[in-house]
Amino acid sequence: MIRASIVGASGYAGGELLRILLDHPQVQVAQATSRAHLGEYVYQVHPNLRKRTQLKFSDPAALEPVEALFLALPHGQAQHNIEAYAALAGKIVDLSADFRLRDPEAYRQWYGQPHAAPNWLSKFVYGLPELHRRELAAADYVSGVGCNATAANLALLPLVQADLIAVGSPVIVEIKVGSAESGADGNPGSHHPERANVIRTFSAFGHRHTAEVIQELGLRDVTLTMTSVDLVRGVLATAHAIVKPGVALKDLWQAYRPLAAENPFLRVVREQRGIYRVPEPKILAGSNYADLGFDLDESSGHVVSMCAIDNLMKGAAGTAVQCLNLMLGLDEMTGLGFAGLHPI
Amino acid sequence: MIRASIVGASGYAGGELLRILLDHPQVQVAQATSRAHLGEYVYQVHPNLRKRTQLKFSDPAALEPVEALFLALPHGQAQHNIEAYAALAGKIVDLSADFRLRDPEAYRQWYGQPHAAPNWLSKFVYGLPELHRRELAAADYVSGVGCNATAANLALLPLVQADLIAVGSPVIVEIKVGSAESGADGNPGSHHPERANVIRTFSAFGHRHTAEVIQELGLRDVTLTMTSVDLVRGVLATAHAIVKPGVALKDLWQAYRPLAAENPFLRVVREQRGIYRVPEPKILAGSNYADLGFDLDESSGHVVSMCAIDNLMKGAAGTAVQCLNLMLGLDEMTGLGFAGLHPI
Amino acid sequence: MIRASIVGASGYAGGELLRILLDHPQVQVAQATSRAHLGEYVYQVHPNLRKRTQLKFSDPAALEPVEALFLALPHGQAQHNIEAYAALAGKIVDLSADFRLRDPEAYRQWYGQPHAAPNWLSKFVYGLPELHRRELAAADYVSGVGCNATAANLALLPLVQADLIAVGSPVIVEIKVGSAESGADGNPGSHHPERANVIRTFSAFGHRHTAEVIQELGLRDVTLTMTSVDLVRGVLATAHAIVKPGVALKDLWQAYRPLAAENPFLRVVREQRGIYRVPEPKILAGSNYADLGFDLDESSGHVVSMCAIDNLMKGAAGTAVQCLNLMLGLDEMTGLGFAGLHPI
Amino acid sequence: MIRASIVGASGYAGGELLRILLDHPQVQVAQATSRAHLGEYVYQVHPNLRKRTQLKFSDPAALEPVEALFLALPHGQAQHNIEAYAALAGKIVDLSADFRLRDPEAYRQWYGQPHAAPNWLSKFVYGLPELHRRELAAADYVSGVGCNATAANLALLPLVQADLIAVGSPVIVEIKVGSAESGADGNPGSHHPERANVIRTFSAFGHRHTAEVIQELGLRDVTLTMTSVDLVRGVLATAHAIVKPGVALKDLWQAYRPLAAENPFLRVVREQRGIYRVPEPKILAGSNYADLGFDLDESSGHVVSMCAIDNLMKGAAGTAVQCLNLMLGLDEMTGLGFAGLHPI
């Protein structure tokens, strides 16, 4: 059994990590820290964990050495204490944005201030197993992934890997998101009477996760346009691009199918009948799957590629545990077996 | 044209008053105050009013004399300045809980502190036209109504007026409410990821609006049990009681029908076919109707009486304007003609 | 007073027409037909109309002559009886897709079968006042508008009128829609447990309303991508294009502002503060406004233009009444004064 | 490994059984029948099962012998073929209402027609482990449970077991339910535009599940009042009764606590702080827990007892698998370990 602790466990990603790890057959949760909820039972904040654990939130200042440490702090914090965390644990998975970008200059550009530990950036592997499975098996330090970046990266991965996108084609990724994306702390716009029923394109350009798509896929002209909709968990990315001349629907099948065969959490959804013909985040709540779909207008070469995920699972905590599994040499699906619900 | 101002116009009831009064053929809105949003256009807070008015929120300290004043402040504030407000306007409608109860001792009991202007309580008429239409026509000072109290009072009114409830029968009113009830200021429980999808019985006993049901209907053994559900606007009260021996379904019809005939905003909904057989708040958003329904188990005498309203209209701003109309000698429906939407 | 009848009044657009026209100061509703609900009170199907009218659904075979006729039938029906309808009324507004396209060949291409009354197509004016106000004033026959086409056309109108879109730029319009779009008849996918919480990109290419965008704006390379979200009423179109070299944000302001000034139902929403900074359909339920927003990445020339509407109002019944007002020489806002609700 | 088949596997309870059993360590799914979806992959109907199984729906006429059979047919069907099913499997769990009532006369009264296999009624054990754990361990034939009956029975169980309800006290159970309760087949009232946002008290008296509360708890004067709210999965029962003279809050704690200690799927939720102070179905989606809460007005003796469940889990498929576990001598939690999600 591996002993693991979670720093910043009262947030949504932290709670999801707790849920997964408390049932993980190879991991024992040592500590879950929260400054705001110090001394409370974790089930008082994450009510689904009632009768599952008597663990209480502990003081982040009283962290004990463990084999693996998950950092689930707000962005901008982990970089200031990374040395201390590394002294406590040999394996670290940081879910924040602090160690996702390799280039300190890119960090400064997208996050508006210089990185506090730039020399650590190169020590981290970007934590998306579908892109970095081999490196993760050898890694000690792994970053988390942006949830929107993950939906975009996985939507585009088949097209990029098979080199199907036309040279110079702009890529527009329209991303629709639920309310859990904004985290556990409320804001005026998250007040239920204002947030319910919305279709709110809150960011047309410049979302920070764009940096992760540029870095990981090598795309240059890519835009993430963000729209909030009425859902708690879930992201759907709908990516638009132009394919190379002559690319046909069968070429897309040849790009998507093997990827789903090689990656246990990828599925292709493209049905001719039934209600569920395309990827949908609603059936993914609690699951670690990323569902991919596509369509092509062969006359114009306009391709639409979709990816649906649960932002707290495949977009955060689920992928983080998948990474830990790989780092520990375990089956990457360990502890991530929940199928999702229908209906929901 | 009557000049009217709204104090505390950035909240939800204040916004609804603005919406109604800006289209009211006999009223001109003079000022709308908000300390927090001083100087902003009212449409920046109430986006439905864009292109309807160039009014800006003004300073509550700079209120000018008008003929009618609506007070839409948080509970506990108006009672401290009622003399000053009365110096500014001959007619006052206070939407808060400050002047709803006639008995200072009852106020102290339900609101936990002594009333700051107890001698003013007797000057106010309780602002529910279905109960006090005549007094309202002669009133200068009118209280608002509690939204849940209104749903309960109107659900029970036909039974009480026709004296159908058995002596000693407890009355249980199960009230289901949307999120707009809690006002425009967020709290941890109103954060969308926590508030969406809830069925949350947040108060089993002792809701403050109970005092208004006791006062207005003369009931003694009455309980309001409150449950939040996933809706923004709307309240449904489902009241349970035991009828006097021998009371039959036809007696209920004779109690409900005339009441709906006499009161322009009351409707009886009891259909044998179609989707809408019972009162439903969803179709009442924006309308001032109160829809009543009932059912009786003749073998046991158990009666169920329902009332659906829009808490911001019939439960707050709509009834307040209805009162002003009566105070001014106008048709009580003036400015309150919106039918509600289907579907919604 | 103008006498008007509604054919196919039990559907959602028909119900909305009823709601508007029953309160319209210049129109008297003569008949509302429904084969399925023949003889029922209209309020049994449209429960918001209870106590507003005692009108019953009448037989479409018993239509009487009137001055104006609204046809709210399913697509493909009106074209078979247009001669008969024209014999009954001098003014016709058809809300279906039957008379929207000028070119019979385009109709055949997009709707999959030849038009049954191709010689009538040229007699109809496309019923979007923001594009055809003058022609509508002289028209006897007016088509309705596709709701998604309207959101797309109005999102793109400022860019097209000011000629800001780069030559050869593809236009991608990502449209998010509520469930009322699919009409009053259920289908397996509209069953609440399946339809709730969805983000479902049900059509990547080839939506029929594309034909109306091509025809009305003269665009050639335009795609409508359709995504269902969890909302009843409302459409948001988010349009992507590349602007001509040198176009800056100030040029966009100069394109949008005058359009909103000239058209009473257009508003520009582009705020720097508050919760409502961009167009949102949720606050438009029941209103006839179309809210426009925009953003520009000046470095790449990528423009995003948004339009939010209530699909049953500005996207159907509201615009149809606006057209009738123009046909009758009335103020185009007559009967369409509802501001919409906040919160909702 | 036990071989088990599911008859009627395309409905919601059938899909939930499939989800659970495909991951159950002691059960192998042999067949899943569906007449309507014969030959389709089960994941085409239950999209959460994609990549989990290649099982196809098989013909109910081609059922093979197995050790355990789950019947998930619409009410009224299993009773006609129970002999045939019993010839195929030694253990049967029937989720329909067919074998829940012991008394054929009670069946006739509540279901409106005589039972087709009345001699089989006494062979079945009512499948609620919290009431019949010992009998279930020895049973071959087990009925399912009504979801609303289960919420009511578990809400009232602590009060009944500790004999706290006053003699002659009527019991009113106000039950709020999500849309999945009505099953996988749509109806006009389940069309999303009509079903979204509802608070619809669709049944004031006489719900059939009342019969199960009468039978199992021995209560005589009990009413189930049913209200639909906007949620897919979930039931909350709020039960009202009068306690015996002198019963105090501490007596309630003594009634609830041991019950939760003895039953692995019962939890008491009664917190003084945090957002989740009372039972809430939203956090139970996919879990088999039943969360209990209570409050007492000591002055009047009015007790309110609450039970929240996922109607498809503890109210149907989850409890059915829990029963099978007991029938097979397994730990009753086997295969039912999912914790539920927060937030959701």
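Think of it as A, B, C and D in the order they're written, each chain with its own count starting at 1.
Heads up, the rule we're going with is that a contact is a pair of C-beta atoms (placed from the backbone, for glycine too) under 8 Å apart; a residue touches a chain by one contact, two chains touch by 3 or more.
These numbers were taken from a predicted model, which means no experiment stands behind them.
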Same or different residue numbers at the subunit A/subunit B copy interface, by half rule
same
Have a look at A-D versus C-D and report the one with more C-beta pairs in contact.
A-D
Farthest chain (mean CA position) relative to subunit D
C
Euclidean distance of C-alpha centroids - subunit A vs subunit C, Å
38
Whole-Å gap between the CA centroids of subunit C and subunit D
45
If you average the CA atoms of subunit A and of subunit D, how far apart do the two points sit, in angstrom?
35
Enumerate the residues of subunit C that touch no fewer than two other chains.
12, 180, 184, 188, 193, 196-197, 230, 232, 275, 280, 343-344
Touch list for subunit A against partner subunit C, complex:
170, 172, 174, 176, 188-189, 193-194, 196-202, 204-206, 221, 223, 225, 227, 229-231, 234, 236, 238, 240, 242, 275, 277-282, 293, 295, 297, 300, 302, 304, 306, 308, 343-344
Please output the residues of subunit D touching subunit A within their complex, sorted ascending.
12, 15, 19, 22-23, 40, 44-52, 180, 184, 232-233, 260, 267, 269, 271, 273-276, 280, 283, 285-287, 289, 291, 337-344
In the complex with subunit B, residue positions of subunit A that touch it
12, 178-180, 184-188, 190-193, 195-197, 230, 232
